[in-house]
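Please read through the structure below; I'll follow up with questions.
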Amino acid sequence: MAEENQDHLIQSEDPQHPANLICTLCAKFYTLGWVTGTGGGTSIRHHDHIYIAPSGVQKELMKPEDMFVMEYESRNYLRRPSVHKPSACTPLFLAAFDKGAGCCIHTHSQWAVLITLLVERDFGKEACFEIEEIEQIKGIPKGRGKQGNLGYYDRLRIPIIENTAHEEDLTESLTKAMESYPDTYAVLVRRHGIYVWGDNVHKAKTQCESLDYIFQLAVRMKELGLPWTKQ
Amino acid sequence: MAEENQDHLIQSEDPQHPANLICTLCAKFYTLGWVTGTGGGTSIRHHDHIYIAPSGVQKELMKPEDMFVMEYESRNYLRRPSVHKPSACTPLFLAAFDKGAGCCIHTHSQWAVLITLLVERDFGKEACFEIEEIEQIKGIPKGRGKQGNLGYYDRLRIPIIENTAHEEDLTESLTKAMESYPDTYAVLVRRHGIYVWGDNVHKAKTQCESLDYIFQLAVRMKELGLPWTKQ
Amino acid sequence: MAEENQDHLIQSEDPQHPANLICTLCAKFYTLGWVTGTGGGTSIRHHDHIYIAPSGVQKELMKPEDMFVMEYESRNYLRRPSVHKPSACTPLFLAAFDKGAGCCIHTHSQWAVLITLLVERDFGKEACFEIEEIEQIKGIPKGRGKQGNLGYYDRLRIPIIENTAHEEDLTESLTKAMESYPDTYAVLVRRHGIYVWGDNVHKAKTQCESLDYIFQLAVRMKELGLPWTKQ
Amino acid sequence: MAEENQDHLIQSEDPQHPANLICTLCAKFYTLGWVTGTGGGTSIRHHDHIYIAPSGVQKELMKPEDMFVMEYESRNYLRRPSVHKPSACTPLFLAAFDKGAGCCIHTHSQWAVLITLLVERDFGKEACFEIEEIEQIKGIPKGRGKQGNLGYYDRLRIPIIENTAHEEDLTESLTKAMESYPDTYAVLVRRHGIYVWGDNVHKAKTQCESLDYIFQLAVRMKELGLPWTKQ
């Protein structure tokens, strides 16, 4: 691991620089209730560098100097703040980058957790949240390599994997869910939260918002006895 | 289409200038949950010019230079930022301006969507949300060309049209609903959201707030088993 | 009515000056959902002057120059912005000042409205919301001329009056409720909202917050089947 | 009691100084609905000094000069603002500091109160809220003197004590609950709120957030008929 000072990697006056952007995004996510109590995380791929928010910090108070920077190719840390622990989400973020993502967001949103509690386990394969005919579905792309976003009459499907004792142990089932649902840009984790990724920061963030909107609506629909899909 | 630089149309230090006002309003609407995930939109008529927020952008981060400007008479774009797509809501905004509106707001508010899910379809004509004897109803005008606002004992009626695969295809049914309900300043779109307009920005914004308040209250009333209308 | 310029009444650099304080408070109340869509209002008594937020304005955007100033003794306006209409709440605010209040707040809080929908009408006298054994009750004073606040084992009682077509017509029943419940610092208005007053701005604001907290909790208790009072 | 001016104890340009930090934290807690209407409080131990927010103030508006400072050893006030009353929570905060805490937070969170209403009284001993298999549980430490945080499969247990007429009278039962549940970093108070403490400010704040997240989720689970624990 490079031991010389690598602060130039996180010093920029450009608000769009990944080290700055992760801080701005996480402060916003805090107000949305997605990263309360140091939960959740965010990672951005910037050319050959992966920027990752550290573990166990107050996400709304992060500063660029808190960022970990990893070389994508070698998986070596180029910058590793000694006061912090690297995020246990790192292998999961890397799984998304391996699928071509430019940004990956992990939230503990209560709406996501409630959805995983409302969809029963399907032994032998991933459970799946399904909903259709909600305009906001149009905020989700059809799938990697496909043109455009889902249509109003398309069914949105988000696989749900079972939680594990240690976050890094989710990597295998996350990867498996990505293979079973090659078009998905998100995987729900039961009793835990969600991983959402996108081609770039803009897409990951707005897809995460659209999904959270849909989950919140779906929970309220359930409370009012309204079905998520046409029979 | 005019190809010369038309940036003077969106450059002003006046916070009340439409190009600035759309940005301020959309940032506020984001915190209200109305335009999450690039959903929703806002348009202002300013003399012969129509200012329109672009499609697919993070609404809370918009800047005046993101604005489209259309000439009302000719329906030609005077300013069309090449990095953005024009809003699919444009024909719906124009339908409101044709009725004399000065501002039109489109939200994906979950309360609006839930109301459309709680009111059954009425084949052959528009379904309609109805409520009465709620003080906030007094925030809604009686109708175009009529003096003053609805009274406490008046019944508020907001028509609901069916959603379509493509937003622009809503124009016909929106226009039809405007004709069936000539006094309405809003049309709900099932499983989608709402269009609200007003004589000016102030009215469109405060009417949109009053309606959203009423929808939220009505959903909670439904959860508590309280009826929306007498008998 | 004094026609000369009276702007000195509303010009002060002191954030505690009533003309400034009403703006700060209303901006905060907007984020709490109390004064959405121009609803609600606030008034402060400052020696012989009554400061009143105008009718029909966006409450979160008010400026000191929007304020009406009335002479308490004569009930004459000393300052009356020509662009605004005086608040229809004015006679109700005055009724509170006549009882010794220093500040009166009117909100359209949905929690207050839902409480009025959950308490049945009691013909011949005011209906009454009652709750006990909630710590936050200790935020409400025992009554005018009495020492200290309610205790944990005291029962909080807030009378509910019926709404009228015109806000000013509430004055008689509000005054009557103040007489029937001489210890109350608040009156709920059915399907409308609440009037809360206090000896000074600090007390009116914090009592209004404590009541809104209690109403919100009480609605959730009702949804969960939990009783408001011991048998 | 020291009567000379002790303002140097609360004057610092360092945002991490306890007198500044209590103000920042309480402003944040206000937006979370934890300290509405002057409810709740926060205290930080800084070497031999205990900093305590005063009673009866608007918690979001506090300034360093509002702070009480007590000498931990002697329990004497070193600084006691004459315009304020000391917090009735003081003996409860001290009980937490006696257990080694560096910061103690008291909130009136509605989610905490609702949890205490949903868990039945257990005569002869403390009642107890229990939940398991929720990822956010990992935000809570295993217990004082133990390494690390709870695991996903561990059961979180938070004791619930009965409320008393006077806050200071909770001290005995709080201390008793701390003895019955030596691993707990929080005690719920029925129909009142919660006390949460931690080794330092960071831990107390993030543990308080994690617990509030879990309580909110648990209330929603109850509304949806979902159990908190296996079988």
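So that you can tell them apart, the chains are marked A, B, C and D in the order they are listed, and the count of residues begins at 1 in each.
The working rule: a contact is a pair of C-beta atoms (placed from the backbone, for glycine too) under 8 Å apart; a residue touches a chain by one contact, two chains touch by 3 or more.
Given the structure is predicted, the values throughout are model-derived calculations rather than measurements.
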Please identify the chain with the largest separation between its CA centroid and the CA centroid of subunit B. D
Between subunit B and subunit D, the Cα-mean centres are separated in Å by 44
Geometric centre distance via CA averages, subunit B-subunit A, whole Å: 31
By the touch rule stated above, which residues of subunit B touch at least two different other chains? 223
What chain pairs are in touch here? A-B, A-D, B-C, C-D
Quick check: in the complex, which residue numbers of subunit C touch subunit D? 133-136, 139, 151-153, 202, 205-207, 209-210, 212-213, 216-217, 220-221, 223-224, 226
Could you pull out which subunit A residues touch subunit D in their complex? 33, 36-39, 58, 108, 110, 113-114, 117-118, 163-165, 189, 191-193, 219, 222-223
